[in-house]
Structures are given as structure tokens and as C-alpha cells.
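Next come the structures, one after another.
One chain, subunit A, appears in both complexes that follow, with subunit B as partner in the first and subunit C in the second.
Presenting the complex of A and B:
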């Protein structure tokens, strides 16, 4: 059985039975068409401006997976975040790069890391400069306001 | 024994020989999965804890009293070296000859490829202890048939010494190998010369296809990638047919090369050859 099939089995099991770590974050996660394309719906973590909203993630597995990291993106024009390109949904996260990826990680780890990124944006490597600047200035009102403005529109 | 490889998540290949333990961190993986990762990552870092490893322990049996084999990753599986090896014939030779090293006290096994097919998959089950070359038994046998001397399969292709069973039976062996190894440079030079000579023939034949010698009446054009691929394939085949010797009077290399090149070209979809 392929690695993707094994992961499918684990993910279905985890989501069905509920898991302390993952059920907080993941609303749903399933493959599209074949096991190389996945979609996940994640909950905005509490205590962040994303709370109360769900966000869609697109994951796709390269042929060399798990030797190469999966490609992960948010839906375009849906995620205002310092480390996400708003137009494309592209995510800047070190574990998704070839240099930092490890084949011992799986898709659940990846989604979890993205959940953590929502919680702790890294303003030093921004893909969304507006939000990063506000964060650097530590202006929480403006941060919440801007993120909400984008999410609502 | 239950073991799930963190890389492929497979838990049904429980053969003890397939599992390797990294040192110093003690994390376990399928040897093949781990080696693929090392090759991919260009480093020797553990996928789980990111500690740089130098040794991979492989057990050949469940018997705990038997010491595991220590595979020196830095020597035998420097990922970068393997990449270069694909391109450099010289490197190619050296690795074959480095294949088996017998140290003074502990055997040092270096993972490597079969000298004949170049593959490292399946079990390398024969080794020449004189020059440290590894083979698949099946490759040795088919090579012997190819050269029309089926009984010669038990001879090392490099030095003609008898090959031994690899893995289990070489415990206790080790004397007499060091002075043999001193002769290796000569052997290597000889082999390199053979390879260069044979390659000349192949190149000459291939060039006729590659370049437009006659502009008005061009022969087919091969792209560069195919040129090098075919060159490699055909040369290797010719080394094998001539048993790693340059046998000019016996083998018509130009003719053989022409035949093989045509065959490879057709395989790649070139017509009119």
C-alpha cells in the first residue's frame, strides 16, 4: 500500500474518532479525485483574529512525496496573514521547503503547523507586507481590524 | 517484531535485514527508505531528530549476540558522491573497488552497487574479497552465459579470484586482504584504460549519428541527452561482453557498437536508423 493510502487511513480514523490535537483545528480533510490532491477545512484558532471562521487549504502531493514536501495553499483571496500571499494563497512556512522538510512528517503535521502559523505569524518573513508591518508596530487593534475587514469582504 | 518505518509508514516488511538504525541517534528506518532520503536531501541528517549521522547499524539476524554490521555512511553513502558517480566514470570505478573494506578488527561494510548491473536493489549476494567488489549472483551468471563460458560465473569480473558468499559467511575473514588492496591502483588504471578505449569506439559510431557530416544528406539528429545516455548504455554493454578487457582482435568493437547504438536508438523511438 502506498504511503498516501496509509495516510488516508490514519486521517479518516483520526477525524472520525476525534483527537485532542487535531479535532480543535481540522473541520474536515479529504482527498479530491485521487490521493495526490487533498482539501482541508481548518478552524481559525481561538484567541486570534481568525477565530470563528473556517479556511480552506489545498494540498497536493508531488510524485516524490514523502521525499519532497507537499504543496500547500490557502484558497486565493481568502487568507489575510503575514506569511500568506493574499492573491495566490501561497504560504511561507519553513517546513514546506525542500531544505527543511522531513519524510517523517505527514499531512496532519503539515496542517497542524499551518494552524500554528495562524496563531503565531512571523513578521520577519512576510508575504503580506501590510499585515506584517502592523504586527511589527504591535498595533493589535489595527491587526484585528484589517484581518476582519479582509475576511468579511 | 513490529516496526513501522517512519518514512514509508509500512509495517509489513518486517525482515530484520531491511531495517537500519542510525547512529548516534538510534532512530530506525527501512534501509532503502533512508538511503533514498539521504540521496534526496544531500546530507546525512536523521529525518526525525535532524542529528547528523555517521553510522548505520544493520542486523543480519535476531540473534542479539551477533554484532550488527556498521555501515559507514560518510564513506559509502555520501549522497553527493553518489550523484557525481552517475556522471563520472572514474568515480564509478573507485566506488566499485571500495565496495568492501575489511578493517583490522571490525568489518566495515560499505553499501554499494552490483558491479555488473549497477543496481543496489535486491540482495547483493556475492562479493570478491580480494578486490572488494560486489555482485548479484544472477548478474554473474548471466554475464558468464553472455561471454559463452557459463562455468566462469564464480570468478570475480575484476580480478578473476573466486567470489564468496556475501553477508553471512565472511565473519572471521580479513587476513590477506590488505596486501591485495595495494595492487588496486594498477588494476584501476588498467580498467580505466580499457574503458577509455572501448568508449572511443562507441563515441566514434555515435558521432556519425549526432553530427551532420554531410550537410546535403543529413542523417538523423540525436539530442544531447540521448547521446550521453546511449553512450553510457552501449559502453557498459561492451565492457560486459568483453569481460572488462580490451579484446581488439577478438571483438570488432566498431561493429558491435554500431549494432548496439542502432538498438538503443530504436528503443528511444528514432526511426530510419
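Presenting the complex of A and C:
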């Protein structure tokens, strides 16, 4: 699986050298056991209710990767977000669907897209209805409050 | 290979073809689809009223020339399907197509549009695909956006076509598979170059989605010739096919797949307005594909007149829901209520006579037969109780009532299947007439016609039990309807008997009897259908959960 090996090289290099784009977002990212399972720790983007907290992501590469997208989940019961199932950590993001995925993207792209999703939740396709409803009502105090409540409990 | 212009000679004209498509009714393989639990029952009913009409395609896009002619040259066609159409109803104008024929007509449109766009046909094809083959919307946005539209659709606007195509084998590092090998590569004008294997894999995964396939790293579109060049075969045909399929999904108002297993026919209804009229009159919209499969355009189910789509839907749902209870009732209601001896119930009559104690009772309510009178099957006691509200309907009795109608329904379904078997022998008989006594093929057709009439009668009879089940039993029109069922039932039985005759000489001798009996079945069928429609129109028969 030389594609995964290549990505491993790139990721370690990026993290070591402190790439401008990724080092703000990614605290750490490394493979578990073999190169088909990865864990990443990402920083809550500034200017969001997630600021100041780190979140764990689990990535796994299907056999057909990169022709098929990787499976990506947050740690269960850890990410209160309109497009994340709080219980399972599942993420609703179109680039992670087989239909929208492009083999030209890699794991760094994926993590970056998830960072962007934390910044810009999409309330129209919610996996967490409570948060999506507050977002639709545009009640920022309640939004921050609810996210913080979830994170602390 | 996909030179659009040179293809023109192969293009099939879109003609109103329904006269031909219904002639082929005696295909015996269809019999499987007449059963409730066959493939039909698995087809989710379409909701005609809420299906999208937003981007409904105007049929003039296909055949603006033919359309007017159709109305002039073919006014209402007098075909055998008139039996099912009431005279006052507009006849359905439809054609039977394949995805290839639809695509061919799209290609013709592309050819016509070329002067508007001044683009190569391949590019217009991409634009059409992007707009789900909705030419009107495409033209609208084209006048507004022009170049932006091209960019959005992934078409190269630079005017250069450098670097597009498959490149010869060389040492190449592919950023997708990360292999450094001797390989052919492909790239578009954007220069995003990948090995041919990665591209093949990528395209193969997408051929069935019907969407425009783009460069793996940007939004430039791959044209059909690119796809075929990469895949080394006519793979773009598959993409076009799936694109047309998604077009059909989006226009389910006017395009429907033939629901028969493995049938590739698509019925295109040319005049969706008449559908509303049909719906208002509780008449069903039956169409026949070129393979001879008839079905309801409204709900995708088999021909179900006199029931309308709603009654049909409720009836089928109920049959599935009550499946287990039904078996219980059907197997436990054969006991004589007085002496508990098992009794064989024969046919549709509810008048049970115990073979042991001679007790006469009603199969539906289990009560004495005496107060029931001589109705064809109506349980008079049930009706009377209903009227006087003396005793509330017990669930058991309600189920028995349903079980009765369901049984009648399936009995006619079974008979219809036997008729199909009969159909196979009718073919031999016609041959026999020709060979043994020199009857011409045309002359022998009265046999085939009779069989067809018999089948239509049976189907009407079968579905009439769904209508009767939902009818108010105390209403006078319901009684008339039931009388009509009885008359058609007798007519069908006697025609069926006639068709059992084997000797060619006897058949020819009794030929006028065939004409008469078939004619009678036709009239009775028509009367029953009209009466059923009346029941629905007047709200006397109403589908309920």
C-alpha cells in the first residue's frame, strides 16, 4: 500500500516542519497498528465554541482507498456539532461520500475539511437536531452554551 | 465512434405506437404477474399527484414536428383498449421507448441546438447532461450566463486543447496510487495527470451514477470520447444510459418504467394533462409496453379497473397486513356452526349447506341462511345489523367479511392464471383450424380475441371485489354493482367453457357462439367497470385504512 506510505511520509514531514495551514489545526496525527487506521487530535478553531479544546478523530482507510473515501469519526460522546452524531461520532460531510470523494484528496485534506466544518456547521443536514435548531434560530448565546454544556459533561 | 451527425441515419423516429404495443397481449409469460404476491406487489406505489413536475419536460422538445401531426392524423384511436376507456375519457397518448431511443432523441436535439451554441456536439451533450436534459432551462441559462455556464459545466474555455488525452507509456509517478511505473497516463487541459489504471478505476466507479465525470483534481469534464479512449471501449454508453435513467427518475410524471421483471421498456406519456382528468373520474390509466405488458401508469400496478389507484393501494396493503389473520380465517371457517363437521366451500357462493346435518348457513357471518335471501354473495345479515346498529361489528366478523372478498379476489386471480394456460392451447387450436380445415389465419383470430376478452373480464371481476369491499353495503348502487358482478361472473364462466372445446370442427361450427358470448362478456365488463367508477365517483366506495 504505497499510497498510505506516501501519505505517512507527507504527514510526518508536515507536522515536524510546522506547515502553516495544518499546524494551526492539527495537534497530532499518527497511524495505529498499520497504515489503515489513523488517529488525529485537532484543535477547536478560534472564534468557534470549540476554541480551547482538542478533539479526537478516528480515520480508517478502506481497501479501495483512495478510490473510496476514508471512514472518519469523532470520538463518541465528545463532539457536539450539528453535523456530527453525538452518540457515535459519525460525521455528515459530502466529500466523505463515495459520490463526492475524489481520489486526488488525501487524509490531510479530509482533516482540513473537518476543521472547516467545525467553523461552518450546516444546519440543513443535521445529525444533532438540538444544535441545528438553535443554529437555525440564530441564537449564538444558546449555541455556545449548549456546545460548552455538552463538552463539559 | 460517437460522431453524432453520422448517427442520424440510425435514429428511430418517435411515433405514437400504442396501437401496435397493445396487440401483443397473448404472451403467456405474463401470467406470473397477475398474482398479488408476485413482483408487482414489491413495487412501491408511485404517488402520481405529488411527483415532481417542476422541470417537467415539454414533449415538443422531442418531436415538435410530429406532435401536431399526431393530433391531426391520429385522432382518438379506436383500439381494443377502448373497452377499458370510457367514451367520455380522453385516450392516453403514450409511446414505448428504451433508454437508447431516448438518448438518440437527445442526440438529435443536440444536433438541432448546434447553431445556437456553436460548440462541438460533445460539449453540448455535457451541457444537456448538466441540465438533466432539460433543454428549455439550459437555453434560458445559456442566454444569461454564457461563458460562466461553460466553466460551471467543466468545459474548457481557453480555446486550447493542448495536453488532453491519453499519453504514451513512460516512467511516471502517479500521485493517486503512488506507484512509479512504466504506464500510459491521461490528463485534460488542466495538466492533472494520472496513470491510466487509476483513471480506469475512477471512471468505472462512476459510470452508473449518471453524472458528469470530471478530472480527479478539478472540475474539468471528461467527454464521452475521453471516457472511451481511457476505457478502451464504448464505456460512455453506460454513462449515458445511467444519465437517461436519472432523467426518467426526475420526470416520473411523464416517464415510467414497465414494472414487469427484466422489462426494459419505458412508457412516455405525451399528455400529462389527461391524467388529471382520469384521476378526477376515478378511472385508471392503463398502458401497454411493446412487450405486451399492461400496467397502470398511475400506480405502476397491474390493470386494476374498476378499482382506482387508491383502492388498489389500500387493498394490496391490507392483503399484506392481514396475511396471517387471513390464513387463520380461511382455514377455520369451514366448520358447520351446528355440528362442527368440516365443509368444503366451493366457489363464490356464501350459501353453505352442511353435508352432514343439512344446516344452511352464511359463510361470512356463520348465521342461518334463511334471512339472507338470494343475493349473489352479499351477506344480508351483515348489512341489516349495520343498518339497525343493533350489534357492533366484531373484529372477527369484520375480518371474515374481508376474508370473503379477499378469497373471491384470489379465486379470480387463480382462474385468470388457468386462462393463461388455456391461451397456450388456443394458439395450437388456431393452427389446427388452419391445417385441418383450411381456415385462414385472419378467420381464426376470433379465438384469440375471445381469450383476450375473457381475460379482461376476469381482471375486471377480480378487482371489482376490492371496490365492493370498500362499498357501503346498504347503498342501492352497491346492490346493482353486485348484480353486475354476478352477471359478468356467469358470462365469463360460459365463455371459458366454450374455449375448452378441442375439436377444430366443433369450434368452427359454434363460431357464432364465440362471437356472441365474447360480445356479451365485453358488454358486461364494460357495465361493471362503469358501475364501479360510479361507486367511486359518488363516494359510495371509499378506500380506508
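Just so it is clear, the second predicted complex is superposed on the first by the 152 of 153 C-alpha atoms of A that agree within 3 Å, B and C clash if a C-alpha of one lies under 4 Å from a C-alpha of the other, contacts with A are read in each partner's own complex, and residues count from 1 in each chain.
In the analysis below, a residue touches a chain if its C-beta (ideal position, glycine included) is under 8 Å from a C-beta of that chain, and two chains touch if they have at least 3 such contacts.
In this text the structure is predicted, and so the values were computed from the model without any measurement.
In the superposition on chain A, contact is made by A:67 with both subunit B and subunit C.
By the document's definition of touching, both partners, subunit B and subunit C, reach A:6.
When the shared chain is aligned, subunit B and subunit C each come close enough to touch A:102. Under the contact criterion defined above, the residues of subunit A that touch both subunit B in one complex and subunit C in the other are 3, 6, 66-67, 102-104. Listed in rising order, the residues of subunit C touching subunit A in the complex are 175-179, 192, 194, 198, 201-202, 205, 209, 211, 216-217.
For subunit A in complex with subunit B, the touching residues are 1, 3, 6-7, 64, 66-68, 102-104, 106. Subunit A contributes residues 2-3, 5-6, 66-67, 98-99, 102-104 to its touches with subunit C in the complex.
The residues of subunit B lying in touch with subunit A in their complex are 6-10, 33, 36-37, 40, 47-48, 50.
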